[in-house]
Structures are given as structure tokens and as C-alpha cells.
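Single-structure report; data block below.
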Amino acid sequence: MKIRPLHDRILVQRIEEEERTKGGIIIPDTAKEKPIMGKVIAVGDGRVTDSGQKIPMVVKEGDRILFGKYAGTEVKIEGEEYLIMREDDVLAIIED
Amino acid sequence: MKIRPLHDRILVQRIEEEERTKGGIIIPDTAKEKPIMGKVIAVGDGRVTDSGQKIPMVVKEGDRILFGKYAGTEVKIEGEEYLIMREDDVLAIIED
Amino acid sequence: MKIRPLHDRILVQRIEEEERTKGGIIIPDTAKEKPIMGKVIAVGDGRVTDSGQKIPMVVKEGDRILFGKYAGTEVKIEGEEYLIMREDDVLAIIED
Amino acid sequence: MKIRPLHDRILVQRIEEEERTKGGIIIPDTAKEKPIMGKVIAVGDGRVTDSGQKIPMVVKEGDRILFGKYAGTEVKIEGEEYLIMREDDVLAIIED
Amino acid sequence: MKIRPLHDRILVQRIEEEERTKGGIIIPDTAKEKPIMGKVIAVGDGRVTDSGQKIPMVVKEGDRILFGKYAGTEVKIEGEEYLIMREDDVLAIIED
Amino acid sequence: MKIRPLHDRILVQRIEEEERTKGGIIIPDTAKEKPIMGKVIAVGDGRVTDSGQKIPMVVKEGDRILFGKYAGTEVKIEGEEYLIMREDDVLAIIED
Amino acid sequence: MKIRPLHDRILVQRIEEEERTKGGIIIPDTAKEKPIMGKVIAVGDGRVTDSGQKIPMVVKEGDRILFGKYAGTEVKIEGEEYLIMREDDVLAIIED
């Protein structure tokens, strides 16, 4: 089974706190809108503008990303929890 | 009798919890905005932009889709319950 | 006397519950936003976009349509009740 | 003295209940948003879009129109009451 | 000293009630949104659209206009009270 | 040290009440939204539209301007207080 | 590890009060919306408009900037606190 996000949406798997601490990113408890880290599992084909043009996705499968705490919709697939969000909910891509 | 959704709307039949569990997707009770799974019965011709261009539909008849809990409007046709929603309410297409 | 709806508006006559049940469509009482069935009596010329282009109407005179419960404005003409709504308030066209 | 409405605005004189009943249009008391009938006294030159294009008016001087109850701004000119509204507040044109 | 309104703004001097009554326009007390009459003292160069085009002003210096009661911002210049408003706040131009 | 406002923003220094009275402009206390006078210290390069076009600034360094009471954000630079606002918050330019 | 902000977002490190005072900029306590100073650590590739055009960033890596108090989202990377905000949240660039 494969999930293909629509338009500019992406399928994301959260990266747990422990992994994040190893990676060096700590999200402060006091921040009102906490960014969260995740791995991109699948991406859509990009949104189609009013002029009929398809805007290619910047985020790619496998990217590690930062996103806002309330971004996206939760879904459980074959026992695993995922998030489906729009690319514009992604704050940044983490490169090694 | 046939229902032809207007513009970028689609006609969707919900897939019941039991079927979904078999298919491996479980929607967590705690999620605030639960995605729901359905089968696309009919699709519109696509929305017409301000430049007069018709944007083709990505979702096709027969697609299994995930959508937000509050997406669309309920309608009962010949004893069956359906939803009419916009394509942009569709989160993802499920492929086998 | 003839009513000519402006731009992308349409003149609609509701189809009563009894007729709808014969036709096979039943609107559930529990639905929060109930679609309603009607017959299109007259249509406008289409909306004019910011680029000055007229977008032709998809809905035609004589079409049977589904629309949201709160769509349009009620008007009584020569003893008959009608609704004037925008084409975008139409959910679907019912074909036989 | 002449009133020249700006852009896509029109100057409208209400048609009284008595006249409307003769003409066959009765506005139900129970309707939440009652359409009202009027005669168009003057029209603007049309709105200018962001691309600098002037969109010609559909409503013409002398047209009898239906409009929403709360449409427009009231003004009294030489003892007569009028409404100034935008063309998009007009629901339909009544033809004989 | 000269005031040059920016973009699509205009500088307006109110015309007092007494003058208005002579001119034949009376604003009803009961109207929720009362139009007000004024004389245009200065106009801007017109707004610049997203395509970089300047939309010329329709309202000219010296025009007598009708505008909504709450339109614009009050300013006192050399002892005289004025209003600065956008052209789109002007309902109509009064011609003799 | 030099402050370069971004896009369509401008850096403004308020002109005090005393100076304004000499110059002949008095802001009435009763006005709900009081315009304020200031001197333009620096201007941005202009906003970039969705078509990628840069819209040149109308307001220039050195201009004396009128703006709304709540326009902009206050900032203190080397002991002096300034405002940073968008050009569209400027009501008018005062010429001598 | 490197953070690559998405689209028109930038990664910013706050400049502390002490440094700011040396630099001559003091943010008044009474200002409702206090601008804050920071250093740009990384910038995105620019936003993509509906016409598919990429708008280049004005803010560059290394720029010292002023931004509104509530701009952006806080994130801690390898022990350091940063902000991710959109370029349009930047009020001005500080040049020496």
C-alpha cells in the first residue's frame, strides 16, 4: 500500500525526541509555536496555479524537515503514525 | 440516475471502519482532525480559473482517498449515503 | 414576465420532498448541511473575470441540481417560490 | 442635478409593494434575506480591473431589478429616496 | 502649502448641511450608513496594480461627491477641516 | 549606521506638535483615527509583485508626509525615535 | 548540520540587548510591537509566485536585520536558539 499526497501535500513521519537530541536539535518547552522534526515519506505532484501551471515541489522524499507544532493532519497507516501537511507548512530542510 | 459533481467537486462513498482496518489504515481517536477514507464515485470537469482555463482533476473515478473528517456535504441517493466535496479537501490517494 | 439572473446567478425552483423520494434521493435529517434538489429555471450569462473574460455557465436551464441548504435568496414570482443562487452554490447536476 | 455613480455602482429607486404585487412579484415575510425590486436610474462606467481593463456594466438605466434587502446606501435627492449599490448586489433583471 | 494625496486617495472638504439642502440633497436621519457630500480639493496619481499599471483617477479636483459616513480620515490644515479617503469610498459624483 | 527599510517600507521621523502648528496643520482631538505628520528618512526599493515586477516608491527621502495614528512600528536608533511603516500607510505628501 | 529555510523563509539569530545598545539601537519598552535585531544565518531560495516565477530574496546571509517582536518560530539547534521567519517579517536591514 502506498499513500500519494495530493497537489502540494506531503506525507511525514515524526522523528522522536531522542533522535532529535542526538541530531542536536532541541525544541524549547517555552516556545509558543514549537517546530517539530520529521522525515518526508512521500510528496505530491505540486499545486496547480490559476494559470494552469504546476509548481514543482521543493521538498523531496527522504528529506528531514522542521515544521510547526500544529501543522498537518494525523493518520495511522499499517500501525505507523504519519502526518499529511502542505509544503508551505514546512519551515526548513535539515541537511547533514 | 447519475450524479455529476460540478466543477472541482467529487462524489465519494465512505469506506467503513472494518474495511479500513483490513486495509491497514487506522484513524487514531485522539486526532483532532481525523482523516477518513472513501471511494470516488464521480468527479467534476475541474474548476475554471479566472483566466478561463479549466484545471483537470487529479482524482479519478474509482480512486481510494483520504479526506478530513469535516470535508464535504452528505447526500443519500437511492438508499446509499455519499459525500460531495471539493478535490482540495482530498489529502491523499491510496494506491495498492 | 421573465427573470434574468445576473452574471453567474441562477433561478431555481425547489423540488418537493415527495418528488425527491420517488427519484430516489433522500436527504438525511441528521446532516448538518443538507443538500436540496431543484430545477433550474433560468441562468445568467456567466461571471466576468478580472481579465474581462466571460466564464460560460455549466448549469443549463432545465437541469436538476443539488445545492446546500442555505444557498441563495428566496423570491416569490407570480405566486411561485424560487431561489436565486450563484452557480458555485450548486453541488452537482442530476442526470437520468 | 444629476447623480453619476462611480465605477460599478448604480443609482436605484425602490418600487413600492403595491406596484410589485400588480407586477406579480411578492416577497415572502418569512425569508431571512428578502430581495427587493427597484428601477435603475443611473449606472457607473464599470469597474476597472487590476489589468487596467474596464468591465462594462450589464445593468442599464431603466432596468427593473431584484436586489438583497441590505444592499446599498440610502440617499435622498430633491425629496426622492434612492439607493446606491454595486452591480454585484443585483440578483436579477426583470424582463416583461 | 499643498497636500498631495498618495496613490488612489483624495482630499475632500465636507459641504455643510445648509448648502446641501439648497442643492436638493437631504440625508435621511434613519439611514444606517449615511452618505455625505463633499468637494474634492486634491487627488492622487492613481493606484498602481500588481502588473505595475497605474489606474487613472475618475474623480477630479473640484468634483462634488457623495461618500459613506465613515469614509476617510479627518485632518485639519491651516484651520480648515478635510477628509482623506480612497476613491473607492466615493459613491457618486454630483453633476449640475 | 544606516537603516535600509525592506521592500515598500519607509523609515519616518515624527514631526512634533509645535512644528506642525507652525506649519498650519492641526490634528483634531476628536478624530477617531488621527493622521500624524513625519519626515521620511529612508525608503525601501519597492515591493515586488507576483509577476516579479518591482513597483517603484512614490514617497522619497526628505518628503513630509501625513499618516494614520497607528501606522508602523516604533524603533529607537542612536537615541532618536523613528517609525517603520509601509508606503500604503502614507495618506498624503505635504508640499510647500 | 545545516538548516535550509524553505521558500521565502530565513534563519535568524537574535542579537542580545547589550550588543544592540553598543550598536546604538534601543527598543523602547513602551512600544506595543517592539522590533528586534538579529543576524541572518541562512536564507531560502525565494517564494514561487502563481505564475511560477521565483522571487529572489533581498535579505542575504550575514545581514543584520530589524523584525517585529512576534515574528517567526523559535528553534534550538545544537544548543543555540534561532528564529525561522518569512522575509516579509523583516522591517529593515542595518548597514554600517
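Order of writing sets the labels: A, B, C, D, E, F and G. Residues in every chain begin at 1.
Here is the rule we use: a contact is a pair of C-beta atoms (placed from the backbone, for glycine too) under 8 Å apart; a residue touches a chain by one contact, two chains touch by 3 or more.
Chain-to-protein mapping (UniProt): A, B, C, D, E, F, G = Co-chaperonin GroES.
This one's a predicted model, so the numbers in the text were calculated from it and none came from an experiment.
Between chain A (Co-chaperonin GroES) and chain E (Co-chaperonin GroES), the superposing rotation on Cα atoms measures out at 155°, rounded to the nearest 5. Distance from the chain C (Co-chaperonin GroES) centre to the chain E (Co-chaperonin GroES) centre is 41 Å, each centre being the mean of its Cα atoms.
We define each chain's centre as the mean of its Cα atoms; on that basis chain C (Co-chaperonin GroES) and chain G (Co-chaperonin GroES) are separated by 51 Å. In chain A (Co-chaperonin GroES), the positions touching at least two other chains are 50-51.
Starting at chain A (Co-chaperonin GroES) and proceeding toward chain B (Co-chaperonin GroES), the closed ring of contacting chains reads A, B, C, D, E, F, G.
In the complex of the two chains, the chain C (Co-chaperonin GroES) residues touching chain D (Co-chaperonin GroES) come out as 1-7, 9, 11, 44-45, 48, 50-52, 73-79, 81, 84.
Every residue of chain D (Co-chaperonin GroES) that touches chain C (Co-chaperonin GroES) in the complex is listed here, in rising order: 23-28, 31, 33-35, 49-51, 53, 55, 58-59, 66, 68, 87-88, 90-96.
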